[in-house]
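Shared between the two complexes below is chain A, which pairs with chain B and chain C, respectively.
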Partner chain A sequence: MRSLRIFATSLLTAITVTSPAAGAAEPSASDIVKRSLDTYYYAGSDMRSKVQMKLINPQGKVREREMTMLRINLGAAGDQRYYIYFHGPADVKGTSFLVWKYPAKEDDRWIFVPALRLVKRIAADDKRSSFVGSDFTYEDVSGRDVDDESHALVRKESLGGRPAYVIESKPKAADYSRRVSWIDAERWLPLKEEYFDARNEPLRTFTAEKVEQAGKYWTVTARTMKNQQSGHRTEVVFREVEYDVGLKQDIFTERYLRDAPSQWVR
Partner chain B sequence: MIAALNDVARAAAATAAASLVLASPLAAGAAGVAWDGFVQSHLARRSHQVDCPPGTACEFPAAELRGQLKAEGKISSGSAGFLGRFDLVRDAAVGDTRLVTREFFGDLTSEKAAARLGRQVVTWGVGDLLFVNDTFPRDWVALFTGQPMQYLKLGSDALKLNLFPGAANLELVIADFRSDNVPTSQRFIFADPLPAGLPRHAAEPGGLEISGRISGYLENWELAGYASRTHHRSPAWRVMSAEIIGTYPRLNTVGASVTGPLGKGVVSLEAGYFDSRQDRDGRDASIENSQFRGLIGYSRQVWEDATVGFQLYGEWMRDYAAYRQSVPAGFPAKDHVRKVATVRFTQLFAHQTVTLSFFAFLGLSEEDRYLIPSLRYSFSDNLWTEVGANLFGGGRNGMFGSMRDNSNVYLTVRYSF
Partner chain C sequence: MNKNALVEFSIARPKFVLGAVLLVTLAFAAQLPRIRLDTNPKNMLPPTSDVRVWNDSVDQAFALYEDTVVVGVVHPRSVLNPGTLEKVRDITAAILKVKGVAGRDVSSFTTIDNVSAEGAGLRVAPLVSRIPRSDAELQALRKTLFENPLFVDRIISRDEKTTAIYVPLEKGANGKEVADRIREILTRYPGEEQYHVAGDPVARDTFGAEMFKLMGIFSPIAGMIMFAAIYVMFRSLALAMAMMMVAMVAIVWTMGLGIGLGFPVHIMSSMAPVFLMAIATDSIHIFNEFYFRFREKADKRRAIVETMEAVGRPVRYTALATAAGFGVLLFMEIVPVKVFGGLIVFGTIALRLFSFSLIPAVLAAVRPEKIGAAAAGEDIAVSPTARALGRLGALGAEWPKTTAAVGLALILLALFGVSRIVVNNNLVAWFKPGSEVRIADTVINRALGGTSLGYVVATAGKPDAIKQPDILRDIEGLQRHLEKLPVVGKTTSVVDYVKRINRVLHDDNPEFDAVPDAADTIAQYLFLFSMSAKPSDLDNVVDYPFQKANIWVQLKTWDAAAMRDVIRASEEYRRLNPIALELKPAGIAYFNLVWNHEVLWDMVKGFLLALVAVFLILAFAFRSFKWALVGYVPLLFTILLIYGVVGFAGKDFDMPISVLSCLSLGMAVDFSIHFISRLRQRLVETGAAAARDLAALKEALAWTAARPGKGIMRNAVLFAAAFSVMLFAPLTPYITVGAFIVSMMLLSALFVILYLPALIVLMRGWLFGTGEPK
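For the complex of A and B:
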């Protein structure tokens, strides 16, 4: 019903060429971003995927990370737990990460170092730190809160054949000054994001390279983040994406950090 | 030689045990064995000239080429598996070539319990390079010569049982005794109060050791309790007529730890009581007295990819008056409370391909120090190199100061496959 209404609205917008922000039936910019965050980071009650990450420097030299990622949603407050196991490269094989994410406060994070059989709690103050040396930050991997930024709907346009809301977001405190997002007006996934620095120069660009349906949920299965200033980029491919597989909360504890749950980590 | 034979015998026993555990389930549903490993060269050079006694690796306390092969496998259901990690080492510093079984164990796992049998590394506690309730064997030689951190711990030949009844996890480790690898005159120079020229012989205790841990969460705080029935892991030496005999006196420990978020960082607390069973009145100077040990630590991120950590650590000796009376003339007496502070700073650069690290032990009571600066660069996923140093200084009666003629700079290159 809602998508019908949106379809009607966008049709009307296309015909009248008025600002969509003025259209009475348009959702607000905050609602669009909220819905996008929910779709992108919270799909299903849990999720399992193999993740392949390529870190490519400006000279074209490639480093690779092969992971299994497990996620569970806990309750309405938006708490989540992530479990990430590294299959490769050889030097980090068997390393695993555990993140207990809270929207309103800092995450709890742990790392397991297999050669020492050591579980170490790591201080996680900055969600904008790079995730394993990639161009994605922890926040890019596990999500931000809608209220971390103020949002404005700029226009509606088609991107790569998809109807999209163009949203400008300004963070309350971050390493970027503004972010322009193209959000799919039907599937609610981010198609593209451009981050700008304080001098309004392009900083990073996110691109959803491939969007597929996994079970009931539309999923960005190939994505790239490029640092526009250094030329470094990170390509990520999600394979074997499954939702609502029945992960239990105890998977996300020290026991399984030390010994990967073989039912899910293969 | 005998030690080497013992190692071989132990490895063989572990192999046999692991094979027994795994043979039937693996045959039933083998999911394949994954092999990987690395080759590594490691060189540590004494940072200043000292006169070494004959027989001590003087200029290069460490000079080795090492190859590691790791094999691991699991049956498709995941309920049984194994892991083996074997190092072949050409140790040019002491002119030795050896095959080392770092780890070799079999696993059986179910929903509510797990068992691991064979040589395995066990690490407990919340300290950073400081240990209270983790009484498992360590390799101090590896630490002092700048080996990669994975070599800090030695494997125990053990049966480890885990129970997961619900709110808490229980872990029980039943292990054969294994001593720490402590610095000797092979590679290190230090004042030795024992008479020179007498043959030394250390006898390892028989029987099994047992250690247990119970751990759980209270919200996002982690609590753990520990107990162990073990032995001191460095020998207590005693002159017996024409030779010096080393024994590993009995030790019982009990303690607890807690760690959780505080402000923008992580706080860790750990305490333990060391009951030195063979010297309960503290009158035997060759055996460590009973002690309370405790540490408090805090670490937090200071800016992107940079972390700092601080720790305060103390050892309170019991029966100090008895100890003072028992120390023979000419031997340095330890402090009643040994206090150590540590500082760690780590910064990553260039998409985490460069790691700058600094760790310092600062002996507050013994007025000595041990600084470990290092810089690592990863050329690729397979190849990294690290340069660093182990810098000892301060009063020679302190634990770190006694090593001050052994300061070294090191270079490690590793290729993983």
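For the complex of A and C:
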């Protein structure tokens, strides 16, 4: 009975998995998620990109945000710093945003309001609140910890022509009850994620619309998050993605928040 | 086109007729299991109606919900204690799991966002993310709550004894079902707290559900009362059953038709059985006359034929008048009203058909000895009722001027009452004062800003205009203007957020509790706000292009008039201040206003149409406009008197009353038709020269008042008996319906028997002088 199941499983794997690694022992669900988080959120030692974000309400009305995003990784513990400068809409140009991310505790965030020439520290309890009014949460943008959720490998299947692990993750505490992810089995990027609410109804869906290689790193350069309940969605396009450009740590400080580093923010 | 052929056939082949009716009835009954219910009163206006389309577009532009249930939590001293806060947290969490609840936007202590100054920074977090335990923590929460105008009167009452959980519903969710689930959850958290579940969807859907339940109870009870009354009147079980059978068959045909055609049974059509039962009482005239005839002739077959000859004409025309009265509903705007009208017309025609087939067949099938005993009492010289009615008719005929003068005085008084009628409607007032729905609403309205929510949508000429300081100041001015209205509890707009952020960014300095002077500053504040709070918070008050602002107006009453006041005040503000904003009302309070208004005026329109239609039928039935006018008088007199009383009693002229006015015409006119038709038949039969021979006329009038008059009285009493059940209903519109119809039937029967003789005697020259048909 048991050998039969193993046989069936390996047969299934042989059919669905086209990669040369087929047949090798599968990594554990946690390993897959860990590797995916590293690839998606930590690629390179630093990163610079222009980001265009479209917030689209159910009526199809659009609000756009145009920004430059800088990221630097600090040490092996997983600390990161993000610098986000808003080019548009025109009336908020110059608003900038700084996040010091710590995997083990709440982030530190600062915002610069150009009209008041004022930097304010923002204390937020909630990584799961909306990122700049979009359908992405702060956590979606800067990543979660692998131990925030428990993971199980459901199956392996091909998605949009890519081999993928299907992982079900259950958070210890969050606004969603479970998340199903399709993780590219070769590039380790998330291809699709479905979030379910407390009633187990679809809540949000993440889709990697376009995956490109930037330098030596595979990057999701177009992504969408759709709220299945409100019908609201957010489309994000990354342009001019560069890794390992040599960002300095002091850029990620209050001084540069007030006075954008022109070398990087254009 | 010989009506008697049908009667003859039915008497000759009663079993065939009974069998045929049974088969058709089974065919209609087969449709009944496909019944679909629509308990939502909102669907009186179709989803394509202007107000619903506009409200939908507002809901979408501002990410709003059509309906919100409000759960009030009241603690005798203060809700700001760890125990109550824990309960609110757990109840909120449980509510999030209820089907039909838009979980992402449920607002309570534990889900509502709070933006506050913390040291030199900003803090964005749910108001209560951790239950405060120490006095210091509770004191801090108290401070946070009361210094933020967005919370006071919304999530906390000024005396801090009441908090609320706002539960928005997904589109199409049933408010009563959600409310029931919430009530279930609340029972799990007993203690000092009192809970109240309120809000428009609760009232509306509870009303819809209750209405169906009541119809399910009242139709059979009304049927039983009628059955008993018929038995008492005719002392024959067989006849009582025959009459009930006719009514039941008509109900099955009618409901079967409606369901078979695919119409959901809506609140209006749920009333069809009771109305059909009442309309079926018209066949009492056949039984009434049959009993008189049977006693005189003792030949059943001849009695049936003669009865049908005598009452055939009035029965045909009363059916026609009733059908016309309901038929005008087909020209109304409101679909469920049209369906109802169409069904009743069909049912009335079916009933009329039965009068000439089923009833003669049943009479033919009943053994003569069964009716013999009962019929023995039917002699106008012997029957005390008939004698009393004869005397009543004679009273009018003997003192016509006095009778008319008393009537005229009553009409003047009634007109004065009518002038005091107030047009208004209040959904919550449809429940009795002691009911759960009403209490919940009262408690929450007293403590917080109000459960009835309306919007004023301010639209500027171009995108991004809402970020202009002068536009924001205009909106703020409008808010203050609206808040002067006693019905307005609280208003909220984007201005409140801008002012709040301005203050918080300036270290909570109260001087900055104002709209800043530069558009860029406002834009950046709103941007900051959208970056920190729940996106819906901002979406609820400004649209995507920043061209429209949505001002929330919490009303302390469900009176339709309250929203009318808001609209007037908005127009007034616009007149007094030259603002570059277009103001349009929206929201559920506005929907209720339009809904009430549309149904009400549709019904008034229907009433006027019915007046014309009924008059034409009368003229056609009597082949004379003069007689039609005379026959019209008791009807108008009755209606006028009832409205006079409505005006004097200070009862609002609301939707149920308007519906009734429209429906009652076609039914109340029957008595005039019977009286005048039979009188004129009698005059022809006796060969009396009514124009010259006053004594003969008076005699004929007394006879009519006594014999067909008894039928009229029987009809009225039956009708009234059936509807009197409604006087004991727990919903006020039912009591209104009951009282209205009971008084309408009894009064119009009385006025027909008293006033028609008086008028006919007074106007005999005019009536019999010229244009008298053969």
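Definition applied: the second predicted complex is superposed on the first by the 244 of 266 C-alpha atoms of A that agree within 3 Å, B and C clash if a C-alpha of one lies under 4 Å from a C-alpha of the other, contacts with A are read in each partner's own complex, and residues count from 1 in each chain.
Quick note on the criterion: contacts are C-beta pairs under 8 Å (C-beta built on N, C-alpha and C of every residue); 3 or more make two chains touch, one makes a residue touch a chain.
These figures come from a predicted structure and were not determined experimentally.
Look at A:R255: by the touch rule set out above, it reaches chain B but stays clear of chain C. By the touch criterion defined above, A:K172 lies against neither chain B nor chain C after alignment on the C-alpha atoms of chain A.
After overlaying the two complexes on the shared chain, residue contacts for A:T95 are found with chain C alone; chain B is out of touch. After overlaying the two complexes on the shared chain, residue contacts for A:S130 are found with chain B and with chain C alike.
Shared-chain residue A:A115: touches chain B and chain C both. Touch criterion not met for A:K216: it reaches neither chain B nor chain C.
Once chain A of one complex is fitted onto chain A of the other, the partner contacts of A:Q59 are limited to chain C, with no touch recorded for chain B.
Overlap of the chain B and chain C contact sets on chain A: residues 55, 57, 61, 63, 89, 91, 113, 115-116, 118, 121-126, 129-130, 132-134, 232.
Within the complex formed with chain C, the residues of chain A that make contact are 55, 57-59, 61-63, 86, 89, 91-92, 95, 97, 111, 113-116, 118, 120-126, 129-134, 197-199, 227, 229-230, 232. Taken in their complex, chain B has these residues touching chain A: 36-38, 74, 77-78, 81, 107, 109, 114, 120-123, 126, 149-150, 152-153, 162, 164, 169, 215, 217, 220, 222, 259, 261, 264-266, 268, 299-301, 303-305, 307, 309, 348, 351-353, 380-382, 384, 414, 416-417. Interface residues of chain A facing chain B in the complex, by the touch rule stated above, are 55, 57, 61, 63-64, 88-91, 93, 100, 106, 108, 113, 115-119, 121-126, 128-130, 132-134, 175, 232, 250, 253-255, 259, 261-263.
Partner chain A is touched in their complex by these residues of chain C: 57, 60-61, 63, 96-97, 99, 102-104, 118-126, 129, 170, 464, 467, 505, 516, 518-521, 523-525, 527-528, 530-535, 538-539, 543-545.
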